[in-house]
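Dropping the structures in below, format is structure tokens.
Across the two complexes that follow, chain A remains constant while its partner is chain B and subsequently chain C.
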Partner chain A sequence: MKVTFPHMGHMWICLSAMLEYLGVEVVVPPPTSKRTLTLGARHAPEFACLPLKLNLGNFIEAAERGADTILMAGGCGPCRFGYYAQVEHAILEDLGYNYRLVVMEPPQKHVGELLSKIKYITGHSSWWEVIRGIRFGYQKARMVDELERRAHYLRPRESHRGSTDKAFKRALQEIIAVKHPRDLPQAGERVRRIMAGVAIRPRPVLRVGIVGEIFTLLEPFANHDLERRLGYLGVQTDRSIYLSEWVNDHLFLGLVRGLRSRKEACRAAPPYLNHFVGGHGQETVGSTVMYARQGYDGVIQLLPFTCMPEIVAHSVLPGLSTGLGIPTLTITVDEQSGEAGLVTRLEAFIDLLARKKGVV
Partner chain B sequence: MTLKVGIPRALLYYYYLPLWRTFFEALGLEVVISRPTTKTILEAGLQNSGDDVCLPVRLAFGHVLDLKDRVDVLFLPRLVSIARREYICPKFLGFPDMVRHGISGLPPLIDPNLNLYRKDSPYPFFVALGRNFTGNRLAIYLAYRRAMHVQARYVQLLEKGLFPEQALGVLYRGVAEGQEPGGGGPAVAVIGHPYNIYDPYISMNLLSRLAGSGVRVCSADNLPETLVREQATRLPKHLFWSLGQRMIGAAWHYLQSPDVDGIIHVASFACGPDSLTGELISREVRRRGKPFLNLTLDEHSAEAGVVTRLEAFLDMMERRQFLPAGESV
Partner chain C sequence: MKGYLGIDVGSVSTNLVFMDENGEIREAIYLRTRGQPIFALQEGLRQLAERLPANTIVRGVGTTGSGRYLAGIIAGADVVKNEITSHAVAASTLVPGVQTILEIGGQDSKIIILRNGVVTDFAMNTVCAAGTGSFLDQQAARLNIPIEEFGKLALKSTVPVRIAGRCAVFAESDMIHKQQMGYSLPDILAGLCEALVRNYLNNVGKGKEILPPVVFQGGVAANAGMRRAFEQALGLEVHVPPHYNVMGAVGAALLAREKMAGGGTSRFRGFGVAKTRFKAGGFECENCPNLCEVVEITREGEVIARWGDRCGRWSNSLGYQENAV
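The block that comes next holds the complex of A and B.
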């Protein structure tokens, strides 16, 4: 059995760590690229959202490297994501790929349901080992998130353009290289040291919150590397959901305490959006409210074209933006969205924020 | 003076009008329904809703605007779930909020949640709804009973082969039930969301156009719920959209039915659920080789284009009937 899974930002690092620790052979799809998108878009339904198309492309490219089993998350609606795996599987079947499909549905009651799926993949591991494997993957997720947060802070302040990214890449390699949980703490030390080496100079920065659909938030290919671009424009970003938070909320049912959770965001959404609408629609609205309260200078919403929960959120954002006085910008991505248009819109938005704050 | 409640002729109007209308009338309210879709109504909707919102919801904005100044309250239920472990579409969950923040100067919105995700009975919904108008629980209960009764009669009419507009005619305008046209023409199943296929303006008179060409037409709503659901269980995973469930179940049924010669799938441009259910349907139809037409509606669809494609589709069906079995066109 050679297991693959779709890309979503750095998720592959944690998943590979967990699976390989448990002795599963993993085929990581090649990094998502133009080719991935072309392959996926060619075979996916026209109005499927971008994540489905990229997933499909990942699976085709992983098959070329010998993968035969797909590990994927599921869902119970109303967002389409919950039916992705089945539709992708049907398409792959018609294309002649013989993939086995293992879908991890969000546990309805307890985490045991999730454990048993992972146990199925690993075959012979004991429960105890499975739990250790999950923890290992999760710890890596936490480390990667920390690293990203650090990079968000450093980029707008770095003395030499590009030094943050260079350090980030090196630090990421340190995390990737760890094969056993006992080596994590030392790796963490090294990562911190690497990042501390980035020279910064004090300067005023803008603070922008990024909200929206989880895949587009986490996958730089899908969002045209938004966070880096903003960093270079002198903006410190905060993302409303990081990988470890998402995993904790959706797969661990909030088992890990002390993390920021979707519940707060949802509580902040009324009166703009009074009900959950699937996906992260209500979180998007709520997080925007929270960013406004925390004095952020602006909020950017990211969504794939046709994403229903985010469209609902988008339609209440103008009222929210006026009501709370926080500028918002919505960016919709699909296979046609070009970089040039995005850059112009970003620059105009950042310009507006800078003038409003008086830091030009 | 009786209070006027406005019901937009949009979204699930075609499923639930008798239920809602009877309930309100039994409580002594006057029901005002927005006028049938026109260019003006659609354009008002387009202007007051976001660009990336789907056509049916934008149209619903238009119907809300049509009612805005003519009623005392607007009935915009938040349809979270109309069946166990199912939803409709995220936009139905957010619709009242979208309207509230998109249109100014609205009369009060009555937007109780209808959520049958974990429950079976819609009664609590009607209690919450009725409380807006009366404190008399017995009156609410009786209105609810009446409403459920009329709704059941409506569903019966649909299952006899009537379409919503005809069935509403029987219920409210004393039109005779009539007989199914029968005849020897080919039969076509039209599969699509009720707010697309039953709105003559939006569907560009699809149903009457087909009938006018001597085609016998049927839809998912002519099939009993149990049958549709049973068919849909053949999917690899329970489909969590009620409308998609109906569409897939009906498509599967009509695909196997020798009395149905062709299938037309009607989707909204950029509709989320349609993008997946439509894909599953068209893959299955291709495997089975029944004549199939996929129509995608948006505010720019030109009537001429639809007519041409429809004619080509009917031609193809006709040619098929004279070909020996197994041969494809």
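The block that comes next holds the complex of A and C.
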């Protein structure tokens, strides 16, 4: 069995860590690229959203490298994502790929459901080992998130353009290279040291929160490297959901304490949006409210074209924006998205924030 | 004479203005880009140099438009700004207190909302409201009326015909249909203006609070029929500023003045660049599956700028750092 999974930002690092620790052979799809998109868009229904197209492209490219089993998350509610695993599998079958499919549905009440799915893949591992494997992967997720947060802080302040990204790449390699949980603390030390080596100079920066649909938030290919671009424009960003938070909310049922969770975001959403609308729609609204309260300069909402929950959230944002006095910008992405238009909108939005704040 | 140069390189037109130190626009040049932005820019600089007195000193240069980076490199800009900011700065300087800017050019439509002199919101065309300017040109050509006459004729209408304006294809076939039914030309033209305004307000202006004073700018603002249609749809007076079709360049000049107010020397390369050989080339990088189309600008055969790569492999190799706001 050679297991693959779709790309979503750096998720592959923790998934491979967990599976390889448990002795499963993993085939990581090549990094999502234009080719991935071309392959996916060619075989997907046109009105499916970008995540489905990119997933499909990932699977086709992983098959070229010998993968035969797909590990994928499921979902429920009014968002289509819940049946993406099945639809993608069916399309792949029609194309003649012989993939086995394992769907990790979000557990309804008990984490045991998740454990048994993972145990199914690993076969011979003991329960104890499975738990250790999950923990290992999760620790890596926490480290990667920490690293990303650091990069968000450094990029707008770096003395030499590109030095943060260079350090980030090196630090990421340190995390990837760790094969056993006992080596994680030292790797953490090395990562911190690498990032501390980035020279910065003090200057006024803007703070922008990024909210929206999880896949477009986490996958830089899908969002045209939004965070990096903003960093270069002098903006420190915060993402409303990081991978470890998402995993904790959706797969661990909030088992890990002390993390930011979707519950707070949902509590902050009323009166602008009072109920669940599928996907992360309510969190998008709630997080925007929270960013406004925390004094952020602006919020950017990201969504794939035709994403229903985010469209609902989008329609709520103008009222919220006036009500709380926080500028918002919505960016919709799909395979047609052009770069020039995106850059102009981003620059204009950042100008707007800078002039408002008087830091031109 | 001393002053500031504003350059707006768009996909349809390339505009240059020279603004003196009092903020007076002394020269304005409007050229078609015709897919050759470098050539259009050099031609514009050449014409400008001819018209300006020999002792002119350029104290600052600003560029804007979709070709802003390219123009910034060729001319040596002190400030490179996006078109929304430039248009907003220009309108709020020429029409103090403006709260809404309607901007329709050849290919782009946008709306900019200002409150207390600061941009608070904006939107750019979704696919359907793009190309309003080009569409009006086409229809004028099809009906065999000079585009300058279009507005005047539309104003003669008393009962505009309702045209289905959701998209250009529908609009054209509906116009042909209405012509065949015998409606008068002015009524059809006025109807078309109303349809395009409806389309703009539904697509670009959706959800925005349009408060007066309203400024209407961009090439299409020349069309009096469009202006009247906006006034009727909004129930507000609509101002068309004197330099309505070069507002991007005016804004760029104003931004250059703002930037240079603290002193310093301009990076302007001089009007002589009109004679320098620049070339925009490009190649597809085959180093990874992204296959980025890398743009490369050469001056007299030497590469001076590159962009378009996702990974920084090419743009960082020159130490090119122009894209900071």
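Everything below uses one rule, namely that the second predicted complex is superposed on the first by the 360 of 360 C-alpha atoms of A that agree within 3 Å, B and C clash if a C-alpha of one lies under 4 Å from a C-alpha of the other, contacts with A are read in each partner's own complex, and residues count from 1 in each chain.
As a convention for this text, a contact is a pair of C-beta atoms (placed from the backbone, for glycine too) under 8 Å apart; a residue touches a chain by one contact, two chains touch by 3 or more.
Every value quoted in this text rests on a predicted model; they were computed, and no experiment measured them.
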{"item": "Superposed partners chain B and chain C on chain A - clash or fit", "value": "fit"}
{"item": "First, second, both or neither for A:318, with chain B first and chain C second", "value": "both"}
{"item": "Partner chain(s) touched by A:340 [first = chain B, second = chain C, both, neither]", "value": "second"}
{"item": "Contacts of A:327 with chain B and chain C, given as first, second, both or neither", "value": "second"}
{"item": "Partner chain in contact with A:46 - chain B first, chain C second, else both or neither", "value": "first"}
{"item": "Most chain A residues touched (candidates chain B, chain C)", "value": "B"}
{"item": "Centroid geometry (CA): angle chain B/chain A/chain C, rounded to a multiple of 10 degrees", "value": "80"}
{"item": "A:275 touches, of chain B and chain C: first, second, both or neither?", "value": "first"}
{"item": "Which superposed partner A:83 touches (first chain B, second chain C, both, neither)", "value": "first"}
{"item": "Touched partner set for A:302, first chain B, second chain C, both or neither", "value": "neither"}
{"item": "Contacts of A:94 with chain B and chain C, given as first, second, both or neither", "value": "first"}
{"item": "Partner chain(s) touched by A:130 [first = chain B, second = chain C, both, neither]", "value": "neither"}
{"item": "After fitting on chain A: smallest Cα gap, chain B-chain C, Å", "value": "5"}
{"item": "Contact residues common to both interfaces of chain A (with chain B and with chain C)", "value": "318"}
{"item": "Partner chain A, residues of chain C touching it in the complex", "value": "66, 81-85, 118-122, 124, 207, 288-291, 310, 312, 316, 321, 323-325"}
{"item": "Parts of chain B lying in touch with chain A, wherever the complex brings them together", "value": "49-50, 52-54, 78, 80, 85-91, 93-94, 96-98, 101-102, 113, 235-237, 239-241, 267, 269-276, 278-280, 283"}
{"item": "Touch list for chain A against partner chain C, complex", "value": "30-31, 33-36, 161-162, 165, 225, 232-234, 318, 321, 327, 340-341, 343-345, 347-348, 350-352, 354-356"}
{"item": "Of chain A, residues touching chain B in the complex", "value": "45-49, 74, 76-80, 82-83, 86-87, 89-91, 94, 103, 272-279, 281, 305-309, 311-316, 318-320, 332"}
